[in-house]
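Okay, structure first, notes after.
Just so it is clear, A, B, C and D label the chains in written order, and each chain counts residues from 1 on its own.
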Amino acid sequence: MKIPVGILGATGSVGQKFIELLKDHPWFEIKALAASERSAGKTYAEAVNWFMTTPVPDAIAGMSVSACEPGLPCKIVFSGLDSSVAGPIEKAFAEAGYIVVSNSRNHRMDEDVPLLVPEINAGHLEMVKKQKYGKGFIVTNPNCSTIGLVMALKPLYNAFGIEALHVVTMQALSGAGYPGVPSVDILDNVVPYISGEEEKMQIEPLKILGNLQNGKVEFANMKISAQCNRVHVSDGHLESVSVKLGKKAAKNELIEAWNNFSGEPQNLKLPMAPEQAVQYFNEPNYPQPRLHRMLGKGMTVSVGRLQECPLLDFKFNVLSHNTIRGAAGGAILNAELLYKKGYLDG
Amino acid sequence: MKIPVGILGATGSVGQKFIELLKDHPWFEIKALAASERSAGKTYAEAVNWFMTTPVPDAIAGMSVSACEPGLPCKIVFSGLDSSVAGPIEKAFAEAGYIVVSNSRNHRMDEDVPLLVPEINAGHLEMVKKQKYGKGFIVTNPNCSTIGLVMALKPLYNAFGIEALHVVTMQALSGAGYPGVPSVDILDNVVPYISGEEEKMQIEPLKILGNLQNGKVEFANMKISAQCNRVHVSDGHLESVSVKLGKKAAKNELIEAWNNFSGEPQNLKLPMAPEQAVQYFNEPNYPQPRLHRMLGKGMTVSVGRLQECPLLDFKFNVLSHNTIRGAAGGAILNAELLYKKGYLDG
Amino acid sequence: MKIPVGILGATGSVGQKFIELLKDHPWFEIKALAASERSAGKTYAEAVNWFMTTPVPDAIAGMSVSACEPGLPCKIVFSGLDSSVAGPIEKAFAEAGYIVVSNSRNHRMDEDVPLLVPEINAGHLEMVKKQKYGKGFIVTNPNCSTIGLVMALKPLYNAFGIEALHVVTMQALSGAGYPGVPSVDILDNVVPYISGEEEKMQIEPLKILGNLQNGKVEFANMKISAQCNRVHVSDGHLESVSVKLGKKAAKNELIEAWNNFSGEPQNLKLPMAPEQAVQYFNEPNYPQPRLHRMLGKGMTVSVGRLQECPLLDFKFNVLSHNTIRGAAGGAILNAELLYKKGYLDG
Amino acid sequence: MKIPVGILGATGSVGQKFIELLKDHPWFEIKALAASERSAGKTYAEAVNWFMTTPVPDAIAGMSVSACEPGLPCKIVFSGLDSSVAGPIEKAFAEAGYIVVSNSRNHRMDEDVPLLVPEINAGHLEMVKKQKYGKGFIVTNPNCSTIGLVMALKPLYNAFGIEALHVVTMQALSGAGYPGVPSVDILDNVVPYISGEEEKMQIEPLKILGNLQNGKVEFANMKISAQCNRVHVSDGHLESVSVKLGKKAAKNELIEAWNNFSGEPQNLKLPMAPEQAVQYFNEPNYPQPRLHRMLGKGMTVSVGRLQECPLLDFKFNVLSHNTIRGAAGGAILNAELLYKKGYLDG
């Protein structure tokens, strides 16, 4: 008997990716699809403008789409809701006793909501006990551009400390949802602005890398400067990073730290967990979105081009798949952790 | 009577841009086209794989292509030669009494060769008097990714000083020449590596911004860290920059410094000079390659998104047209300066 | 004293192109900008999401945007309205005495409305005398994919007759307006469907090539089969065409027919008219959108790759700029013809 | 014990795809890699510029690359050689007793060489008995743009006959090999020319659809007109087709013919065979390269937009994956057929 799950915002781009990734999941089974009023009452096939590269799963196509209101026949809801509506809907589901595994930004910075990357801060899960929703609770995963960065930072942070960092992103179009960026705006172009993105990248890592003390996260102490750009790539956020470490380190020590990095998902052999959490490439022109975004089924974070930085200590590149590791896949990994840690037993 | 000029590497991508920009020049007239052995003896129309968006000028199509050897019927040669061959050829032309206006990197760092951006360091022209070539000499313009950067830096450098800076580039495909980057390598992709580019960006600005003392350039004293990426754009290098200034400054002071910046090209009303050397945009999502690369006929450098940097002092974006301001157009501006300053009179 | 003109749908993509093309027009001067309720009352700079590659003209930026209702201080209105609203608005303007030069499809097939391509059917202008609007009237230009085709057909039609033709289009993204096609739908893709496009291509040429008899157009008698695709190109519709002629012809006769083709715009030296209406290329891989769409300032139609067709008689490729020749530029040419023919004198 | 196979041209783009598709093959095991002199003697990892999106298989990376000469430890050689060298090399291997399964065009039209598409003309295999190479022989698969077309034609040909057809292709960049098309030639562009392609499309289907009579193929009798274009797509050739059938048919009969089509690969359950050989889509904007090229692991051919044609009888769109179904995958399917039919037993 699989655990019944629902998807909020099932017709959107993150919702579609949830369906694609969950369709053969060993533990979870999609039992409810919810979307906006406009879609409610239709079959999924009627309601969706499907643009994944695998077809709508047969079992899903005929399912009826519900409104985004409690009453769905499931225990967990994955939320791919747009942030313009996610806040109160997710709260309503938590209050109704659902476990809300959200990809939206609305509750990420709430004091009692874990901003979870299971390889990094599985222990933050405890925070949900402070939530006041009764049996339900909310966990979140970070912004799609944050997650590749923190996966690359964590091994360095553990080994050497990090005092400051500078990051410039080149982000994929799928990160803007659907319809997202008009083609005439990005063909033969780069757009050096993504609303709210730099702010998220400058604060979220501090919570994720922070220490849990008495149920509260003490934010990490480091300076972050982010500049975010949209480039002509379908999937995969590439980032140019420069870091100032807490202590001296040699190039090969950083590479070892990355290649040896693993965490709870690897220990617990969670289905969505990549064997290799972070992979370092020696090729001077790697990683590249087209070549490496699907490593570890889109869950491995790639790093390359480590060099000494004339300004800070080291510079390097990071790549991660923004709609898998950076959105739906990351959320599913969170749910798998919840299951293995007994948080679904209540 | 116009001044006769020749083009070395006339069939290559920079050579084609030289032809496009010089075809109606008020002072210069193309009288010689030189290229590799393979092309020598053919008409230009036969020899070239023309890919500019304006047609080959009629006056050029039927001209015969020469080998790259002295003996061309002109006073100035513009060099768009590949760096694998440019070094000795340019030297041979200088020794034969030609004025070599080069876009190639080979002689840029020579102690007696000016690395010239007329708005910035017109005075460096004097260095040519130290060259040992007799009547001939060599002047160079910087790398296509350097020039946008230094144009944005110079006004700040003058007003506030610059101690350090971090720059991440998103560079256009035309910068790689022809055939350059294979389409299957860049479609739906970013390549985080351009051979030799980071090294050039980290050293060239120091010479350009340096002081001439007794005929030698004292390099500017600042730390530069560069990370260079190739993106899916035809023309226009966009750069995310972060700077540490020499003294406190307010946002509006930087913007004024940029908008008020001008130099010898503007004073002398050189034909290739843009009225506005640097233009600051207030729109949060500007500048963009597709929209702004052709400002000032490709010679204006665009700046935008000035923000305080949590790490250094300020961050912002710079855009410049890499084959006009960053290559052929910049070289022509150099030649115009030579003319107006009397360096062609000898 | 220039003739005052207005633009309906001034903030849309066709509207922006009208402004770009009219800003220095020798005969016309923009005196009114009209758009939807949402924009009315704002300055143009506030109302528009400008995405042309030249800046908003200074004289336009501060103009106030009106609602699309008669009362505008001009004689001619250029309509770039969306077809969902164009029908009744254009009618209202004609009834109020305005000369409506429309790019919208709504009135194209009206019995008394000329579907005008001045090189082809300038005589059809007479039809406006049958319109019942009093002093006002409506003229239209064809669909952006039709116009390149008919420009290439007309010289053949005159010389040899045309019995049947097959055309497959590869159409640019700007043809879909703004925001138009989402980038994630077209990156690394072709979409083999454009709503209503094949129908338009199969009927409009018959009217354009038809004979005016007693004030009514007798449609040309030919079979047309069209298949329309959207490709990853910003501007420029490329079409693969195969034709069955009315009588035998040799390859070079077709080429001569194209290269010698001209009409009223060339005779009258209309400002928007290209010197060369149709240009044939001998290069086997021409014409190409990036290289040739701007020929004749976007008004020349390019043809190439003429070959015998194993099925019909000949096959070839046609290229035309969809937002200039195929939309705003074509409409302006219509207005210029109206002026020279005395239709603005009333 | 798997059957040992070798790959000729192993470092090229088709060679890489062979490796990717064969790495876990149930019947075949790669035992030899051969390439040009330049690569011979190196390990595969050293010799190759790998650009598949899955990593080089571990078992392959360390294998030594041989020259393309008989003496390889295998029974079958898959040839992905460039046509400039494939002819004599393939002949030499056949003469040395190897079974040559070639993707190159050189021997396709040889009188005794089958041009094989197992769903269509498995019986043509018999032709190899006429070859004079002793135990060795050559089989070929068609050009990448032909194969999608003939897969869509065959069901119609069987059911209704085909008298004539017109096809316009929009072909992917990977079809040009590596480095193939320069990015600056195709960004924001379509190139309406692929050398030799139209000729291949106009003749190959006649052989494939022909009848074997006394060991010789009697070519099918139909007129084909092809126009070939290169578009900005990584993989997947899309084609707009118009056909004149041998007898009247209704739309739904064509759709049934496609959806019910299967052949020997499906009967024999060949590992590379898709369950659905041809799939018809009812959605008006399908098939699309990005969405449907990977159907049936890249071996299913997609068809859509069936409409009556005003000129011939019906028009529709066809899509197939050019480097899988249209090259390496098609060749592997041929080898699988050879195995099951006992041609490897000698």
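By our rule, contacts are C-beta pairs under 8 Å (C-beta built on N, C-alpha and C of every residue); 3 or more make two chains touch, one makes a residue touch a chain.
Note that the coordinates shown come from a computational prediction; the quantities given were computed from them, not determined experimentally.
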More C-beta pairs touching across which pair, A-B or A-C? A-B
I need the rotation angle between the copies subunit B and subunit D from a CA superposition, between 0 and 180°, in steps of 5. 180
Averaging C-alpha coordinates per chain, one finds the centres of subunit A and subunit C separated by a number of Å equal to 47
Per the C-alpha centroid definition, the whole-Å distance linking subunit A and subunit B comes out as 42
Enumerate the residues of subunit C that touch no fewer than two other chains. 51, 187-188, 232-234, 290-291
What topology does the chain contact graph adopt: line, ring, star, complete, or other? complete
The subunit A residues in contact with subunit D across the complex are 51, 53-55, 187-188, 290-291, 294-295
Subunit C touches which residues of subunit D in the complex? 164-166, 168, 170, 187-193, 198, 202, 223-225, 227, 229, 231-234, 238, 240, 242, 284-291, 304-305, 307, 309-312, 315, 317
State the interface residues of subunit B toward subunit D in the complex, per the touch definition above. 13, 51, 173-174, 178-188, 232-234
